[in-house]
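Paired with chain B in one complex and with chain C in the other, chain A is shared by the two complexes that follow.
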Partner chain A sequence: MIVENISCGRDDVLQETTDLVDRGYRLMNMFADEGGGQWMNILLRRRDRVVRLSYMPGEQAVPLSDDIPAAMPYERLVAEMSGIAFTDGGREPLVYRRSGDGYPLQKGPYDGSTAVPVPIPPNRSVGDDVFEIPVGPVHAGIIEPGHFRFSVAGETVIELNPWLGYTHRGVERLMEGHLPSDRIHLIGRVSGDTCVSNSVAYSEIAESGSKVPHRARVLRTVLLEMERLYNHIGSIAGICTDTAFTVASSMGNGMLEKVLRSNRELTGHRFLMDHVVPGGIRRDIGDDTLRRLDDFLIGLKFEVEELYDLMDNPGLVDRMETTGTLSQERALMIGAVGPVARASGIRSDVREEAPYETYGELGFVVQVRDPGDVLSRTMVRFGEITESISMIHQCIQSIQPGEVRVRPVVDDGFHCSVVEAPRGELVHSAIVKNGRIWRYSIRDPSFPNWFGMCHAVPGNVVPDFPLINKSFNLSYSGNDL
Partner chain B sequence: MIPTVIGILQAVALVLVAPLVSGIVSKTKARMQGRGGASVLQPYRDIRKLLGKDSTVSGSTSWLFRAVPFVCMGSMIVLAMMTPFIYTGTLAPFGDLVAVVYLFTLYRFSMVLGGLEGGSAFGGMGSSREMMMSVLIEPALLLAISTLAILSGAGTDMGDISESLSGMGLLAVGPALILAGASFTITLLAENARIPFDNPSTHLELTMVHEAMLLEYSGRGLAMMELSSMVRLTVFMAMLGSMFFPWGVATTAEPVDILVSVAVTSAKMLLMTVTLAAVESVLCKTRLFKTPNLLTASFMLSLMAMMSLYIL
Partner chain C sequence: MMIRTAFQNLVSSARNTEDLGDIVTSRGTMPMASDECTSCGGCIGSCPTGAIMITDGTWRLDLGRCVFCMDCIDACVTGAIGTVPSPDYALDRGDLVVDRHTDIDEVEGVLGRDIRRRLGGSVAVRELDAGSCNACEMELNNLSDQFYDIHRIGVRFVASPRHADVLLVTGPMTRNMAVASDRTRRAVPEPSLVIASGTCAISGGVFVGGDVVEGSTGAVMEPDAYLIGCPPPPDRVMRSLSKMLGLH
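The block that comes next holds the complex of A and B.
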């Protein structure tokens, strides 16, 4: 990954950004930091080249969202977190959704106790037969909290507005002021089912000045793919549950349990928590254990095929086809990432574009499908399960004995790492000053994809929403931070 | 005197056996998924538990909300008395087919009102979906049972139809009976909120039809709603068993006949219960707006059954 820092004037930033976008760069993150005044940082990526464009907004920042629609969520977040004003007016709050004294990500003491919640605004769709259905934040079943507002005409959804932020914990602020290698436990808990990906992205920053042993890198790749495996299997089982296809659902959940048990055998934790640390991995995984994993995965592969055959059922396919279609054009517009983007025909996979750990040494096929409906997202996941099993097999075949942990070293300055989490491109960026974290920013793949879902749902009927939601399989806590 | 006692006993038996039928369906489904599943007696325990709890009623509701469980339970008890379950001499010789169909409608209509009473978005959605289906279920159901009435030539009482058809022996088996039976089976799935029309075990409020209307009920009210929907399933199965395939149902109050009928009816009920569980396991829920296609197919089947009586 090659990071290029560009500073520019306030007047040039729009031109610079649109030039980069025209050259094939995609907006990855936007965040503000303080250093002799507020700085705006715009992160863009094309394959393995990352550009950090920074400028001082002064009184008011330049809005990019008119030319690059994908920038809108970031602008809303920056406005409410860091108190950046934009020349074209205010921004609706997105995650923290509180107003009051100060802004949580500005330096200096912050007391949030006097802040008051911003009330949920009514939907924009109004009309004689338009009804608004509020759902959540407490849902049936064990899922995370989030409020949804549907505007419906009969059963057809006209507009969907998610109102998230119920799991906002102030992770970015909690990172500040600590030694870069000290916060692995916090990072592992940003989003429970993305633990390995977050830990790897964080570790790549915290160990950027040291050489991590090859065996540790191979084992990290194994853990990353195990995480993708259990996420994708859980997601497919969820699709079956939501369509009341009970036998396949039980089978999928049974497979999920087996993978989680195998996770525990590997690392002592069913969700692989805290095994990846800056400088390598916490404890070596024995060759016997790896061989047993390999044997288990061969059996799993047959079970996945069996599940696939079971799900090749006309009734189920009818439910999934044409449901919740996110067109390629829309997906590009909102900057969708991960399996969601790949199901809409966009070939974007960090593992291929900017290989990290040992992905450069592995052979795999990026799973791209059309046309962005529930079926294509499920097919992408099925394809990736097979690829993951093959990648883990390649890793286990090629692993060499050696060290697994070194002392992490990190230099001052700006660092950035990008990882393909199960849900897509996960971006961590840090500014280190005097050996301590000055500013840390996380961009979870769910963040842009939530907006993708808002484009995929309208036009579908209300009973299909849970299915569409499941096929996007987005994280609330990763989004809310 | 004895026929009346047997009539009362069979109505009581039908209500009492209803939770067991639901329990067997759940158990069979669990076994098909490779799970152990709860005991077949679990629905009894659930109802006992709910009966011991107080109801929480929303402040925005009127007396109607409290009355609905009684109307639902009442209409199902009346139906249980009219249905030939074991013995064709039912307690309601004057309650004819039209009354049967509209007792089902009364049940559904009052439940729809109960769903709307709570004032929540989910109850309203469930109610509107239920009415959409109801409009399509009603003609198919009426036509399928009327076909039997004409076929048996015994008037419109369910007990008489059952008696007459079982007396006809194999002569009764023909296109009319088979087509009407197929139509009635689809109606059974739709009326009882089973897959593919609805998912009785879902937790997703946005996809619910039947369950969405019960969301606001709790405690004793919920117990009555649950029990009445179990009785509804059993009544449907009893009708399918004793009218469409009536052989074995007791037509006299002789003890031997009754004992044979108990054995045959139990076997028939078990077969239907397991079949229902199997059907639910291999199908997934259809899209909401594709359910009318299936219901239209049910109507067409019963229409063909009726036509075949005059053409063949």
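The block that comes next holds the complex of A and C.
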């Protein structure tokens, strides 16, 4: 990954950004930090080249969302959390939904006592036969909290707005002021099912000045793919549950449990928590354990194929086909990432574009499908399960003995790492000052994809919403931080 | 294809479901210092949540804060810290502070006879996520799969708090969820129980000190039981519910 820092004037930032976007760069993250006044940072990436565009907004920042719609959620976030004002007016709060003195991500102590809740506005769709259905934050199942507003005309959804932020725990602020190698336990628990990806992205920053042994890198790749495996299997099992296809759902959940148990055998934790650390991995994984994992995965591959055959029946396919379609054009507009983007025909995979760990040494096929409906997303996941099993096999075949942990070293300055988490491109960026974290920003893949769901649901009936939601399989805790 | 699989499953003798006896008698693990501990305190700094205390020369662990990362084992210079069987839950927050002389069976209490009789061996559980990282939720979902099949001990997860006997709370109680959590608690009909499940729900875990979290379930509602783990694995949840409510 090559990171280029560009400072520009307030008047040039729109031109610079649109130039970069025209050259094929895609917006990755936007965050504000402080250092002699407030700075806006705009992160863009094309393959393995990252550009960090920073400027001082002064009184009011330049809105980018008119030209680049994908920038809107980031603008809402910096307005709410860092108190940045924009020239074209206010922004609807996204996460914390409180107003009062001070902003949670500005430096200095944040006093939340004056904060009062900002009510959730009604949807824009109005009419005689239009009803608005509010759902959540406490849902009917065992899932994370979030509030949804559907506007329906009859049974068809015509507008959907998700209002999240209920799991906002102030992670970015909790990172600040600590040693860069000290916060692995917090990072691992930002989003429990993206633990390895978050830990790897964080570690790549915290160890950027040291050389991590090759064996540790191979083992990290194994853990990253195990994480993808259980996420995708869980997601497919969830799709079967939501379509009331009990046989396949039971089979998928059984496979999920088996993968979680092999995770425990590998690292001692069913969700692989606390195993990736800055400088390598915590404990070596023995060759016997890896061989057993390889044998297990061969068996699992047959089970996945059996599940695929089971799901390949007209009743289920009919339910998934044309349901919740996110067109390629819309996916590009909102900046969708990961399996959601790949199901809409966009070839984007960080493992291929900017290989980290040992992905550069592995052979794999990026799974791209059309046209962005529930079926395509399921097919992408099925394809990636097979690829993951193959990648873990390649890792186990090629692993060499050696060290697994060195002392992490990190220099002051700006650092950025991008990892393909199970849900897509995960971006961590940090500004390190005097050996301590000054500002840490995490962009979870679910963050842009939630807005993808707003575009995919309208036109479908209300009972299809759980299915579409499951096919996107987005994280609430990663999004809310 | 589907009919064939269904038929195969009918006639097959292979069962994934774990023996209930195995689940009930197994134990999780926790770090614990042995007699060789010199009370040097080197492990205290390695603990991300401040769960280790050394008072009067005795090494104590607060299971309500421990995230079971086992960093203290690596940090110990004398190699005195190892893993030992752990309790699964406690009815009193203070009982979660254990040392090496603690009888782990005594930590786990049984709820009063009255509430057990009124629940009648059938428990409806409503899960409430107050800001957890989704790992607790995944583990609770796994309880319904073919391996654990928690229905067989009379526990089922219900959609509405109005149908619930037990509110199982996860997460460090974010400020954004405080109002919704309070309303959910008040929607549960009496007699009811609140179980704080997982390190975050008991003590805030790694999120302690955040400006935007309340810090524990206790900030909004008083828990009746504390389930340890980060996240509590399904077998532990099953064991705990079975023991504290006398379900079999």
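Rule of thumb we're sticking to: the second predicted complex is superposed on the first by the 481 of 481 C-alpha atoms of A that agree within 3 Å, B and C clash if a C-alpha of one lies under 4 Å from a C-alpha of the other, contacts with A are read in each partner's own complex, and residues count from 1 in each chain.
In the analysis below, contacts are C-beta pairs under 8 Å (C-beta built on N, C-alpha and C of every residue); 3 or more make two chains touch, one makes a residue touch a chain.
If you're wondering where the values come from, they're calculated on a predicted model, not measured in any experiment.
Superposition note: with chain A as the common reference, chain B and chain C can be accommodated side by side. In the superposed model, A:333 lies in contact with neither chain B nor chain C.
Of the two partner chains placed by the overlay, neither chain B nor chain C lies in contact with A:454. In the superposition on chain A, A:104 contacts chain C only, with no contact to chain B. In the superposition on chain A, A:462 makes contact with chain B only, while chain C stays out of contact range. Within the superposed three-chain model, A:409 lies out of touch with both chain B and chain C [touch as defined at top]. Applying the stated contact rule after C-alpha superposition, one finds that A:319 touches chain B and leaves chain C untouched.
Taking chain B and chain C in turn and counting the residues of chain A each one touches, the greater count comes from C. After overlaying the two complexes on the shared chain, residue contacts for A:167 are found with chain C alone; chain B is out of touch. Taking the C-alpha centre of chain A as the vertex, the lines to the centres of chain B and chain C open to an angle of 60 degrees, rounded to the nearest 10. Contacts of A:130 after superposition on the shared chain: neither chain B nor chain C is touched. Legend: residue contacts after superposition of the two complexes on their common chain; A:242 is shown touching chain B, with no touch to chain C. After superposing the two complexes on chain A, the closest approach between C-alpha atoms of chain B and chain C comes to 5 Å. Of the residues of chain A, those at positions 140-141, 247, 250, 254, 313 touch chain B in one of the two structures and chain C in the other. For chain C in complex with chain A, the touching residues are 1-2, 5-6, 9, 16, 48-49, 67-71, 74, 127-142, 144-147, 157, 159-161, 171-172, 174-177, 179-180, 184, 200, 205-207, 209-213, 230-231, 233.
The touching residues of chain A, counted against chain B in their complex, run 131, 133-135, 140-141, 155, 240, 242-247, 249-251, 254, 313, 315-316, 318-319, 461-466. The touching residues of chain B, when paired with chain A in their complex, are 29, 32-35, 121, 125, 129, 195-196, 199, 201-207, 280-290. Partner chain C is touched in their complex by these residues of chain A: 96-98, 104, 110, 112, 117, 137-138, 140-145, 165-171, 173-174, 185-186, 189-193, 195, 234, 247, 250, 253-254, 256-257, 260, 268-271, 273-274, 282, 306, 309-310, 312-313, 475-477.
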